[in-house]
Structure formats: C-alpha cells, structure tokens
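Same chain, two partners: subunit A is paired with subunit B first, then with subunit C.
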Partner chain A sequence: MKLTGLQKQVLGLYRGFLRAARTKGSEERKKIESIVSSEFRRHAKSIERKNFIYIEYLLRRGTKQLEQLKNPDTLSLSTVPVRHHPS
Partner chain B sequence: MLFGKHLRVNVAAKNQSTKFVLSLNLFRRNFSEEVRGSFLDKQEVADRIVGVVKKFQKCDPSKVTPEAHFQKDLGLDSLDTVEIVMALEEEFGFEIPDNEADKINSINVAVDFIASHPQAK
Partner chain C sequence: MVITGRTTSVKLISVGWAKNGFPSLRSSRFHVSCAAKPETVQKVCEIVRKQLALPPESELTPESKFSALGADSLDTVEIVMGLEEEFDISVEEENSQNITTVQEAADLIENLIQKKGEA
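Our next item is the complex of A and B:
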C-alpha cells in the first residue's frame, strides 16, 4: 500500500514521539508510549480520512507537543479526561 | 573496513560519521558487544527479526514467518508497523531514517535492509 504525503507525516510524527519517549525514564517511557499510541489510534478511528483540515491541525498541534516532550526538562506526559456533555 | 577493533572512517564520509556518533550515543544502552563494522549474516538477521516480531503483542506468533507481510499476513496497521520498525532499531542498534522506515512493510524487506546496513549490530 502506497502512503500519501499526509499519512507519511502522521507516521513520522508518531515515530518522533516514540523516539522522544526513549529518552525518558523507563516507567515514563511506557506511560508515554501508551498515551501516544492510544491517542493516535483513537484519532485514526474517529476522524474521517478526508478531513484534511482537521488532520493538518492535529499534525501541527502534535508537532508542538512533541517539541515540548523533547525538552530534557519534560519528564513525562499526563492526560486529563474530558467529558463531553451532550447539549 | 575493519582493522582489529578499529573502524576506519573515510574522511569524505563526514556526514555519515557524525550520524554514527549520534546513534552510538542514543543507543549506548544496547551496546553489549564490541562495535562490528561488517555486515551481519542474512540468516542471523532473519532469525532475529522473526524473534522481535513474534514478541509484538498484536500478532499471532504462529503466523510470523520470514515471508510474512506486516499488514496482509499479520493484520497489523501502519502505526503497528512503525512500532515494529522502532523495535528493530533497538534490536540492531541503529536509527532507521523515516524515508527508509516507510518502505519496510514485510519481514523480507526488513531483512534485506538490515543485512545491507553496515551499522547494524
């Protein structure tokens, strides 16, 4: 299967996160890998393939988050559950 | 070329030698053996790759053969493939650049790439 440019960017970002996780402690590494993996998979399932605008937005957001994670002062990642209330 | 334990680095290959030092630092943890500057035996590479893929949680170890295609035969998606290639980097102690990593979609392709890579350990 041939990958599109956008898919390559997403996979490249995923790879970047996994590389950054390697530079952290082993406990944190596992935690980061688990969060990153579930976030990418959640979005892969929920976002329409052709929603380029939103995918590009997430790529930019992810790239910024990756830059923060790469900082040696950043030790780990954490998530806050957000509940969406139907209005 | 290998002279005893010393790797002779061509002066012209400046970029490559920088990369080598970088990957040495990144993967220092995995350095248990001396640095070998030659190519690995293809059969050994194939066996080690099959071993790494078998350990991957999401695939059925009985389906992992040297001919297996990650997505068609093992039912993995592209994110899983990224994880496998990253695990291969750690197993063989060198970093695989994005454009090469994107091409690795089966065990055979991985074996050919790693067996022809001088930095693979």
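Our next item is the complex of A and C:
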C-alpha cells in the first residue's frame, strides 16, 4: 500500500491524537479515542478523495485541535451534535 | 486461536569488519536479521485480533495481511499504537507505515526491543 503525502499527514495526525489521548485519564481517554476514531472514519467515508482543498483544511483544523488537546490543562474532549447534512 | 508459521530461532547475523583500519562504511553498521520469537508473534496476533475484533475462530497467521483482514489504514495506526503500549516501545512514523503483516510487526518489535536493551 503506497500512501500519498496527504494520506501520510492524515495518519500522522491520527497518531498524534491517539498519543495525546494516552496522556489523559482512562475514562477520558476512551471517550477521546472513540470520538477521534469516529470523526476520522466519518470524514474518510464522506469526503471525495480528490477534494484536496477540504482535506487540507481539515488537516489544519485537526492540527490546531490536537495542539489544544495536548495542553495538560485540557482534560477532555466533547462533541456537539449538529443537524444532519441534507442528503 | 491458531498460530502457524515460523517458529525457528534461526538468527542470521552479518557484521562488517574494518580491514586493516581501512575506513569502511559497513564496519559502522551492525546488521541483525532474525525470525521473531513465537511469544512475540503470538502477542502481536492477540493485539491484532482485539483491534480488528476478529472472531476467535477466524484464522490468523503471521503472514496474514492486515488489509486482507479488513483493516484500513486507520486500523493499522491503531494496531501499531497498541503494540507500542504492549511492548513499551516507540515505533517511528516511517516504520509504522511499512508494517502490513503480523510477522513484519513482530520482527520490527524484536528489533526495537533489542535496540532498547543496547542503549
């Protein structure tokens, strides 16, 4: 499996999140892992592979979120349900 | 659980020696390649099973490709992270992307454990 640069970046970000989750409490860690995993998978399914602009945007956003999560003062992570996209 | 495959403990060690003080790049490298221990292979199998939620009756051999077991690239990242924790090692990014089978993972782990022991 040959990965593109962008794919490597995404996987690197995913690793970063899982690593950051390890530094939190075990309850929170599970929660973070489940949120992160479902977010990455949701996007992997819903985004057109060639939509580089959007993928790059999400990478930047994810990197910022990861920075916040890495902060020791950040204890947890939560999601707010958004209305479903019109399908 | 079915574990088949390489259980030999054959170790191939090649060492480059500097001849008569002639500078040689090879002498600075210590190349070790060996088949991973069965315990390591078994532990890796367990983690892969857990991570991919494989049913206990499914067959898993050291040569099984993660992708053939239904793992996507995110699963592979999770497997490697799980291995890091279990074996208390740290797998570098480039290496982690080269792991596609249980055997490859086990070999890399032993390599890292050995390096850790030397450090």
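Just so it is clear, the second predicted complex is superposed on the first by the 83 of 87 C-alpha atoms of A that agree within 3 Å, B and C clash if a C-alpha of one lies under 4 Å from a C-alpha of the other, contacts with A are read in each partner's own complex, and residues count from 1 in each chain.
Just so it is clear, a residue touches a chain if its C-beta (ideal position, glycine included) is under 8 Å from a C-beta of that chain, and two chains touch if they have at least 3 such contacts.
All of these numbers come straight from a predicted model, not from anything done at the bench.
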### Message
For A:Phe40 in the superposed arrangement: first (subunit B), second (subunit C), both or neither?
### Response
both
### Query
Which partner does A:Arg15 reach: the first (subunit B), the second (subunit C), both, or neither?
both
### Query
In the superposed arrangement, does A:Arg49 touch subunit B (first), subunit C (second), both or neither?
neither
### Residues of subunit A that lie at the interface with subunit B and also at the interface with subunit C
1, 3, 7-8, 11-12, 14-15, 18-19, 22, 37, 40-41, 44
### subunit A - residues contacting subunit B, complex
1, 3, 7-8, 11-12, 14-15, 18-19, 22, 37, 40-41, 44
## Note on the structure
Within their complex, subunit B touches subunit A through residues 26, 71, 77-79, 82-83, 85-86, 98, 101-102, 105
### Task
Within their complex, state which residues of subunit A touch subunit C.
1, 3, 7-8, 11-12, 14-15, 18-19, 22, 37, 40-41, 44
### Query
In their shared complex, at which residues does subunit C touch subunit A?
67, 72-74, 77-78, 80-81, 85, 93, 96-97, 100
